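What follows is a set of structures to go through.
Both complexes shown next keep subunit A, but they swap its partner, so subunit B is in the first and subunit C is in the second.
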Partner chain A sequence: MEITSHILLILMLVPFFGFLFVLMSQEDKQKKIYNGVAVAEFAVCCNILLLGKLLTEIDLSQNGLQFLSSYNWLEQPHIKISFGIDIFSLMIALAIHLMLVIGLPFAKNSQHPKLLISLSLLMISLLTGFLISADIFSFYIFFTAMLFPLFVLIGTVGEIRKSSWMFRFFIYNFLGSIILFLVVCTLYQYHPQTEGILLEQVAKLRLPRIYEYWIWGGIFAALLSRIPIWPFHYWIASITGAIQNPLAFLLVNLIPLTGVYGLVRFCPKTVPESVSYMLTVLEIIAAISMLFIAMIGLINKDNRYKLFSFMTVYYIIFLLGALLPTNRILLNIGYSIFAFLIIITVLEVLADYIREEQQRNNLNFYGILCYSPRIALLYSFFTLAAVGFPLSALFINNFVILSYLFRYNFNLGLVIMIAIIVSSASLLKELYLLKDNRYVHSDSVCISDISRSVFIGLSSIGVLLLISFFNPLLGIGG
Partner chain B sequence: MLVKYISLLPECLLALNIIVMMLVHLFRTEQTPKTFMTISKFFIGTALVSCIVFYNLDVKENWYINSPYTAFFKSVILVTALVSNFFAGKWFLNQNRSSFVYYELGSLILVSLCMAISCTHLCILGVALGITFLVGMKLSCIGDNVIEQDTAKKEQLIYGIIFGVFLIGGIAGIYYQTHSWFYDEIYTYYHQQKSSFYDNVAIASLIVCVMFLMGVAPFHLWFIQIARRAALPSASYLNLILPTAGIAILTMLIYLFNAPESIKRIFLICGCLSVVLGAIGTGNRKNLKQIFTCVGLFYDGIIILLFSCFNEKIVQQSTIYYLIYLISILGIYICLYGIRKRGEYLCSIDDISGMAEVKPYVASGLLIFSASFLGIPPLLGMLGNLTLVNGLLVVKQYDLLIFIFIMLTFLAYGLLKLIKSVYFDKRLYGFDRVDKSVYWGLFINACFLLWVVTDPGRIWANVRMFIGTLFTTGI
Partner chain C sequence: MVINIFLILLCLGAATIWYQGIRFQKFIVSAIILLLSIILFYFNQGLQSGVFSQYSYGWLTSKYYPVSLDFFTTKESYHLIIPLLFAVILCNFFSISNQIERQKVSVSALSVFSVAALIMLICGQNTIQLLVSVCFIDVLGFCVINNINARRQYIFYNLLADLALFMAFAILWGNCRINSLVNLTECHHSYNNVAEWLIVLSAWIKSGLFPFQGYFVRTAILNDSRQNILSFLSTPLAGFLLIYKVKSLIPDDFIGIEILKYAAQASLVWGIIGGIFINRLADRKIYMNMTFYGLIYNVLFYSQTLSREIVALFLIHIILSNLIRATRRYATGIFIVTFLVVGAVVNAALSLNNPIVPLYLVAVMVTLSGCLFVLYSSDQEENHWINLFLAMGISLMFLYGIKTVPTSFYLWMGGYVLLNLLQPYKLLTKIYANQNIQQADGFSKIFYILFVSPVEFLGRILWLTIDFLIIERTLLSWLAKITGILSQLFGYLHKPTYKNALIFTLIGIGIILYSSWQGK
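Our next item is the complex of A and B:
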């Protein structure tokens, strides 16, 4: 049997076995589990190679999911688990894996390194499963399965002080999962003869009006429960803003992405006419949310919250772009998310390093980067790339997405533009304060700069991003 | 003649178990907790085997029936008792206490429950239920301290009177209306004519009595009290065995009485109350045994709610749903047997704070089984929820469905508190070494939980077909 037919399953299983391995490994007394990190890096790198193989074989001219493979799962109701991938999900999967490669070495600093590494691998396995799921049932399984590892991750590694935040966060997401479960069961009940309902088929199913309301309303509600949409943004924001570990922060911030990805996958641009007004409502809520969150990010002093608000604003832009009645910019969104996730990862890793150094040396936040040239250079580069300077694939692709958004609805485009400016301003303000030399003298204590190896590693990521500005796929994929 | 009565072998073996244990208690000088565990293991094991082997042999008397349905439920009860007794033995060994009373009473409950499931005579049912209740009360006293014994006696008297009134009232009422003790004649009576008000009162009284035994709300208080007061073996034994037998008996009674409309309301009210109280109670309790009794109350409530539909398919699916729950709760009790500090079994949620740090496998067990309760994929609980939703969608009970899932979020809150304590809170105490059998028990249970979900196609289809056959041929 050809390995390509099971490659998607292997993609999911490799990190899962890594998770089992790390979970059962012995933790030494000094809590230096370099072995665990090495196993995790190995598992993730294996997956990156597999994703690279898929990237070389994927046909960009073909619409829809490729490398489809199905597995019979249940007889009554007849449920087939199907996996498939397209360039959009492939780019996101690749970005998530690269994110983990960058973030994993910093797991050693955590109080619970073993748990963090094992849960990160489990999350990656589940996220990969989520990204490659092609039918509604497997989509639901991975959508919900992430909840418990995430909850444990937040509670143990995140060091959240208020447990009520965690409970609300879980229950809010759990409610979303329940709604999706009921929707999935309703669909199977209504189409029992179907051999697994593919995600793209949902919009084409003929249902009575009342069912359409319930199913599409349910899908929107379930997926929006993952995105910090106003007025429920607080539960997610409070959690992500309080997480102390950079890897945990990044993993938790992938949750809104699952909501965005889900909405893209269900292809709401082809929703039945009777429920199309829901899309308008969704757009209005999304626009309000992004403006609201961008404002909070600007006035909030916490660096993590600023990054969270910046990420949320961009996620919502990607969501609104994906909701446009065209398929043309889907690839741009994929490229953009790819660059965006890598930039955010590096920024968070650097920000965490700065925070730790600042706390250790008891320094003032202002001008902290003045005498640390390496970290200052990297931080500036990635901040400028994040806010949209022509330094990565983010620039050109966001430009395309925004131009389409303006063309579709000028007012909406304007609101989005304001939100981008505000959230970018909050990041630039942060950078300015970090490099403000009015508060620093040459004889004052400074933070130690990052090591040369870390500098070279992170710089090479910068170079990769710079190349992606000119050619996002580096000639791979046809 | 002997062949005719060979299907009574499980009951006979269980009765023999009681006699042998009594003789050993009287005449053997060297007794350890393990002695009675071994005896009961042997007799329950052989009873289980005989139950499975002679599943289709009937006595052909009109007071007793042995069908695949009764054999299946008796087997489930015996397997649960076997597992429960095995871990209880470890408990008595660790506590260095005599296990005679526990195993003796446990076996007595098993005999009476097997009789209650198989009998087709109202008097035998009444006697069996009565014995079960009284012995259950006595069993719950194991582990009582002297101060609590007086209060317990008063409570037990009250519960006993209420139970007795319902039981005697129900049986007498049914006999008065039908003029028969036998199920076949009662079946004919209720299926040939519309039941009157007095009929309904009598049926309701008997059904409520069974619900009382199961600890379904509003008769759940005695169960909650047992969970608080009783030792871990008694609490787990009663929590696992009584509801299982209750469901088997209740299903028979529904078929027997042709379930009039007014009874539906009783099921609906009791089910809703149990779900609400179970879900809220899980979050409000501190005692681990009580927390899982509340979880049990929640799931019993769902079963009762499903029964309220009085649809054959739904009743079948509720059995599957219950079996899934049973596997998870069994796993939870195995976990509880692994939580000890200086020889003492810990029962408070505060006692297990930070346990994940030193006992990661037991903590993982609690996490996995809790997730299974909530139906989080890819665990077995998800298949349970799938069965539940499919069943309720077929009969268009949308309001029930929404109600159950809303309450599930409340249950989630309670279970999250437990996970928070185990995983996120700072460790206060050290924990004793966990017995290897606990790890094995957890491993087998968790593997089963995952295995069924990884490839449910064949297993699931067979289980559904099997349960379907039980109901069509058995009752």
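Our next item is the complex of A and C:
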């Protein structure tokens, strides 16, 4: 019982200790920080086991956060921070950990493996903290704190060459954090509750109208600063399109997910009536962003940008689903995100391998997969799963999400479907450019295929996904 | 009963798909054929003995969207599954003699999986089962195609069709909260019309009916074994079965169905034109398939039921379309098997007390004898006996469809037979012998111009105007200029002069005064 009451804290601390360990370890040039990877894998796997334990104990029939635990942070002013978890955050946390398990072995190829692994662990620790935060203080702390490893990751491991992009990205995200800070201060000023303000209580607080505008406007602005929303998508798009390392790419692309998660956690479906029009505005902006980014993804030749645009489209679908005035599909969104993140991780890992081989052998990008049957098979499988064929839990859960979207707003559903078609076509187009044998000549050099062990590892993930299709509620129900 | 067959087929497919060896391929495929024949016999016995059962597996047990997988053994499912089993046996049989195919066992396994997915589609009692089975068939078709160009077109067309179906069923489920096909007929909602259009569009694309035949025509590049699976056990048939399954949901006077009828008739015409003018044998076979699907759609729309004639037509068509590509070396074997299969079909049909069947038997025997005679005795060019085969095939279709197809079809088919036999189009043949015309892919171009280009154009315009012009060149350069001006200003203020010191001191005093005034 004692362990269960502190399990959420342990979840956050395990990767943090892993981060400290890797940071202090000696870098072995010959072994390429083998120890660091092992420690990181161990820490992440421990967390997966803990999350598995929570999964078995969580009560699906109960609404709201479970396993709540509170800790005194400050005496004067009296601030308590609280942690809690529900099935939605649990599924996201599990997916993020699995994402790291898949991505970590590829960190060894980085220019700064030690830094990358340690920062990844720190990022996971802070992300876990963010996902389990139950009150506005802990939410704000983790919301802002995760920017630190992120900036270092982008600046060093991501190898972003344009400082102006970094600057914009930093300003944009930091502005969001400042706005949220001001919102938190305002809330504390008006409701200095001794137990702290839980996230779900924010919507129920009675405030003067002008403060309602400010608080909800601030919350939306702060959280949207994390999502590549049109016309500000450029800040995030330029960075994600240029990051050179797959693990860094994946971690940076979790940032929009934190925005989506934040909006879900604040439960805007119960926002005060005076600010409910903001939701409509948000929906419109989200729909425009989706279409816009999907179309740019289609015309853009950069493989990373295509993946970024695909991820953004799906994040916005999840956001729009979560904003619907029903709690029924929250579970489906969680399951869908779980499968989605795993698919994207494998696709990025494979795409990065292809890019590296292409640069090393100075080859044409088109037709590069023609003589690499293992990568071609895996890339095809995961692309088909991503675009919506029945190969993962994404299929049936997306069906449920979309059916609800059609039910509540048919036109919005239509726009979403168009965006899905365009972004799926973009991914498929990419796949066929990689496999187009018109560009391959018999005498040309071709890339070396992935090793048998990597193939088996990634295939087993494919099998896991296939199992998740047959059991889309992941044995938990819903 | 059906569930047993389904599971056996899954196991059979799973057990054989991993075999990559070259040796014993023919033996393994023969063993698969034998097993399939036993299954067919066992299944047919079930029909004769009147074994009917209902099996449902609760796939999703969610309280909000429960989904079951239904495998009901009804008379209808017997009638639909038996020909499929025949078809898979035939496809595998023709695969044995295929010299080009190097992975006969894997292809055979894929054909078995395809039949399992089609059985799932046939037995589907809810929209999710239909959707899943249709998508599975697509994925299997994707695996069957081993040519990159054919595969690309196939997956783009089918992705569109699948997403249309996905959207249609999502609309129905979202608005009606029902996924049972029987209960959906009672649900009336303003957006049902959109769902009906989408279902029709999906079946239209999947069956490769005019003008969506592009992906179907591209499969001509595949070898016979793969092409057979794709033509008879994959997406086009899934499209047809889809319409058959959901026909009760769509009102008879729905304009989408009317348009689909015209598309089916246009396919018939286009298939015939292609069959006449395209020189390449493999392409002709595809056009013949197109004619076939155009025909069975019309038979379905005009007769309102899936008559036994269609079933018989389906099998005969497989045999004939393979015969036209068979080499002389295998002609005798093919003839014997054809004879046996046709006999079996006729027997099965006779057992259903269909009085017209003996006539068909005579017709089939006469036609096949004629074909064999031409094959062995004719000194004419290859093209002529192929034409004769095509003509025979079409006349058989004509014969089988005579009960249900309207008069306009007779004219088309009769015209086709006459054109093939008399060949009055020498000049046109010369024109069409032009390589550019033969290789022209007008529909892909039209598709690209109408659908893909506008989206790409819009995307580029948006990128240019928003990303580049507004954000990069206007907003950012504006921000950069402002920052530059501010830094210049602050730089100027930080110069060590008395004037600047005075300004800073005044600003400080101003802040103090303002704060103390606020504090009061």
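Just so it is clear, the second predicted complex is superposed on the first by the 461 of 478 C-alpha atoms of A that agree within 3 Å, B and C clash if a C-alpha of one lies under 4 Å from a C-alpha of the other, contacts with A are read in each partner's own complex, and residues count from 1 in each chain.
Just so we're on the same page, a contact is a pair of C-beta atoms (placed from the backbone, for glycine too) under 8 Å apart; a residue touches a chain by one contact, two chains touch by 3 or more.
From a predicted model like this one, the values you see are computed outputs, not experimental measurements.
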Message = Taking subunit A as the common reference, can subunit B and subunit C both be placed on it without clashing, or not? Answer clash or fit.
response = clash
Query = A:324 contacts which: subunit B (first), subunit C (second), both, neither?
reply = neither
Query = Touching A:292 in the superposition: subunit B (first), subunit C (second), both, neither?
reply = second
Touching partner for A:436 - first (subunit B), second (subunit C), both, neither = second
Request  = For A:400, decide between first (touching subunit B), second (touching subunit C), both and neither.
outcome  = second
Request  = Considering only touches as defined above, state whether A:175 meets subunit B (first), subunit C (second), both or neither.
outcome  = first
Task = State whether A:300 touches subunit B only (first), subunit C only (second), both chains, or neither.
result = second
Key: First (subunit B), second (subunit C), both or neither touched by A:185   = first
Task = See if subunit A has more residues touched by subunit B or by subunit C, and give me that chain.
result = C
Message = If we overlay the two complexes on their shared chain A, which of subunit B and subunit C does A:391 touch? Say first, second, both or neither.
response = second
Ask   = Of the stretches 115-123, 259-267 or 295-303, which one of subunit B hits subunit C?
value = 259-267
Request  = Quick one: which bits of subunit C touch subunit A in the complex? Just the residue numbers, please.
outcome  = 59-62, 64-65, 67, 128, 131-132, 135-136, 138-139, 142, 148, 151-152, 155-156, 159-160, 162-163, 166-167, 169-171, 173-175, 191, 194, 455-456, 458-460, 462-463, 466-467, 470-472, 476
Ask   = Quick one: in the complex, what on subunit A touches subunit C?
value = 164, 168, 230-231, 234, 292, 295-300, 328, 384, 387-391, 395-396, 399-400, 402-407, 410, 413, 417, 420-422, 424-425, 428, 432, 435-437, 470, 472-473, 477-478
Ask   = So in the complex, which bits of subunit A are touching subunit B?
value = 72-77, 140-142, 144-145, 147-148, 151-152, 155-156, 163, 166-167, 170-171, 174-175, 178, 181-182, 185-186, 188-189
Key: In the complex with subunit A, residue positions of subunit B that touch it   = 356, 367, 371, 374-378, 382, 385-386, 389-390, 393-394, 401, 405, 408-409, 412-413, 416-417, 419-420, 423-424, 456-457, 460-461, 464
